[in-house]
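Some structures are shown below for you to check.
Both complexes shown next keep chain A, but they swap its partner, so chain B is in the first and chain C is in the second.
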Partner chain A sequence: MSLDYVKFSPGFDKFMPKEYRDMVEHGPFGKKVTVSQMGSFKEILEEHPMCAGCAMTLFIRLAMISFPNPEDTITVGTAGCGRLAISQAAIPFVYGNYGDQSAVASGLSRGLRLRFGDKPKDVVVMAGDGGMADIGFSMTLHSWFRKERFTTIMLDNEVYGNTGGQESGMTNKGQVLKMAPLGKKFEKMDMVGMAKLAGCAYVATVVPNNPRRVESVIKKAVLVAREIGPTYIQAYTSCNIEYSIPTDKVMEDAKNVENDRYQFSEHLTEEAKHYLATRYGFKEYLPKPATATALPQA
Partner chain B sequence: MYLVADINVDICAATSCKLCTQYCPEANTILYSDNLGKEKGLKYGSAYVAVDRCKGCAQCVWVCDNMAKHHAITMTMIDQLPKAAITDRITYLDSGGTKAIAAPVEVA
Partner chain C sequence: MIPQYGQYSVRPGPEAFLPPAAASMGVVLPDPGQAHINGRIVPEEEAFEEAARMFLGGTVPTIFPGPLVLWAWNEKARKKAKAIKHLFDTLKECAPTGAKPMLIPMPDYRPKYPKINPEVEINPNHPNLTIWHNKIDVCMFVGVHCHQANLSLKIIRGGTNCYTIAMCAQAGHEDACLSFRDASVEKIMHLAEWVKKLKGAVTFGAIKKHVAVLESKDRAGGTRN
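Take a look at the complex of A and B:
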């Protein structure tokens, strides 16, 4: 949990494999990397068994690049496709039992605060819609009501992808899936509405067809969770297998879904805006100067 | 045999927009080299694919065709590539960017 854990032990550097050397010497630890530098530095997540062309994979890749301090970040996940990649990254990952992730993260973030005081250690939960809105629903909601200071990211593929296509609370009404052959009978759950109601300090919806936007929402959510309160990002990360999307059309689908039901949205409390502006220099949240009085009409 | 993405340096190095790697789901698979392209007297460096990491999804083709509108990427059978970059032969540079030694791919 510091830069030291990615350094070579004295005398051992020449014996380390190339992968490890590249990570220490050209990875993102201790420096700022951005989405626009992708392809030029060693990333902390690579080579995992998620399906070819999966949008969730792309989102997780972008998330790993966007963490403000990867060397001080712990991810928490649970059963579902995403953990197959998240658990392979060169930062610590805690595997909660299916649905437990927000309870595990609550204990972890409190423990880290006791141990490290004011030094920020970021806890980020990333789990599927089933793990978060169905099985882990109560723990997700309660962590928000308790104002636990960590980031919750839903990888919303609108299906149980990992177990072959059951409907989840986040599946859209009417959707037919392999294991929901009659179509879903209920509306998609409004988790964003619930996050706001429960008092999350930052709430955003995002689609990975805009990598810089993903970077921006993740940075803000992680920073706000350090001091202000719980933060929630809901990302549309299609499952091309269960929704039969040809892999070369995954970004086209993302664009269509963004225009249809997944428009970008961002909600911040006034306290969160003030914190981002004063602590981290986010200019867009600086108080607006009083508007000049309108010129008299000619 | 299977398909992997192959980037045409002549087209890519005319602009080197760096869009495709931001959309490739696989990390460190589409990389950039400042020398590729410039060695051939072209304006910029170029993107290239570490073929051992490419899962053949062709998302980069869609991005280059429809977002960048450069049509620089084609899906090619891996044994049809005269030479290609693989992860073990890629060096990350202190100045940022990478350098790759492209060599014939041995496919078992």
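Take a look at the complex of A and C:
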């Protein structure tokens, strides 16, 4: 993993499909690209087989643009809709068995640290709510308690989308789904609360209709995971198929859900704030100067 | 006739939707200095000659370089890439009139959707598409990670009539019709020398006859070697 792996061996340039030549010439590798530059560079994720209008795809696309060093990033995923797009990206993807993504990422991130020492190699887990909060729940939580340094991103569509609409722990109470006809019996799990409790250094909730914000949380989460500790992003990525959201209303739905129960939230430990401020120049986390005390009257 | 364990010959298909892994049929990997032809262990030099004959006897002999050589990971990859390019140029120079040598890259292993472009790339998850599209009858894998090569070789044997050669940098591939092991710059260059040496000695399309002979041996019911 280095910039060399995004260069062709001499003599092969003209044999490479155009897509790859574009990636080498106009891709984001070794450059700092932002979501506001979309359309002016070759993205690492373009074609995918997910449903038309799927908000999860938009989120994944934005997340990939936001990786601080895509050439040094490995994504880890599992069964579920998201992997269909994540596996199409032009960066390495490790596909674990259903639910074991955080265990795979733990080993991977430790191995990369042994192999590459201080050179940052970012490991990012992206998986559905079922894969993370149900089947892979113990592995997700244990990776946080063990303070594994990688980023966990939940693609929370509040349903098992890939298998046709079963309820997950993240489905809201009372929600009726194709394969939960009586409605869900218990509350949506508080994974954000658990992430904080388990000691994640950075925790955020976000929806995909604010690309700048998605970019900001992904960047911070990945950077903090390099040195400080586990980070968790929970993204509302609606399933327009299982929730019957017309494709042209997907963003409207995201906005409504954001206003209702998915407000943007961000939690950082003091150590994470200090690190982001001093290492990466995030001014908002610099200690505020003490308010000047009023000068005594002459 | 269903071949028995130990009698299996690894040769061009189309064999079946799910051909058996050659290893499960008793085909073993060569030791250093050896290679295998159709599953039969041979001294490496014999395999060089056979591979060169197959290349020259093909109507569309094709080299499939994989990510390990296509991308400039390190000096070794760059050197191997140069040698492969040399082999390809030699093949173009020496192939009989009518043959159409190709070099088609396998840049990565993504299960690409909605589809690959078989004219310009090959993908390990459906290598048959590229082979069918270009009517490739002999190919060589080089620089492809072993697990992906095994998958592709089996799919090719299952669904196409393409003769497969593996220039493997590790211990070789049972699932190729012919496999080298410990591939190096020198070995790739040596294969190019053999191609040069046999220039004019192999007739256009001779591979068809070769495959027919293998098949008639099968029908005769003897061991498939």
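Couple of notes before you dig in:
Here is the rule we use: the second predicted complex is superposed on the first by the 293 of 298 C-alpha atoms of A that agree within 3 Å, B and C clash if a C-alpha of one lies under 4 Å from a C-alpha of the other, contacts with A are read in each partner's own complex, and residues count from 1 in each chain.
Convention: contacts are C-beta pairs under 8 Å (C-beta built on N, C-alpha and C of every residue); 3 or more make two chains touch, one makes a residue touch a chain.
If you're wondering where the values come from, they're calculated on a predicted model, not measured in any experiment.
Partners chain B and chain C fit side by side in the overlay (superposition on chain A).
Once the two complexes are laid over each other on the shared chain, residue contacts for A:57 go to chain B alone; chain C is not touched.
In the superposition on chain A, contact is made by A:47 with both chain B and chain C.
Contacts of A:4 after superposition: chain C is touched, whereas chain B is not reached. With both structures placed on the common chain, the touch criterion links A:16 to chain C but leaves chain B unconnected. Chain centres taken from Cα atoms put the angle at chain A, between chain B and chain C, at 80 degrees to the nearest 10. With both structures placed on the common chain, the touch criterion links A:264 to neither chain B nor chain C. Taking chain A as the reference chain, the count of touched residues is higher for B when chain B and chain C are set side by side.
Superposition on the common chain places the nearest Cα atoms of chain B and chain C 10 Å from each other. Taken together, the two structures place residues 18, 47 of chain A in contact with chain B in one case and with chain C in the other.
Residues 18, 21-32, 47, 53, 55-59, 61-63, 66-67, 88, 92-94, 96-98 of chain B are the ones touching chain A in the complex. On the side of chain A, the complex with chain B involves touching residues 18, 22, 25-26, 35-43, 45-47, 50, 52-55, 57-58, 61-62, 64, 209, 211, 247-252. Residue ranges of chain C in contact with chain A, taken from their complex: 65, 69-74, 77-78, 80-82, 85, 103-105, 107-108, 110-114, 117, 120-121. Across the complex, chain A meets chain C through its residues 4-12, 15-18, 20, 47-49, 84, 87-90.
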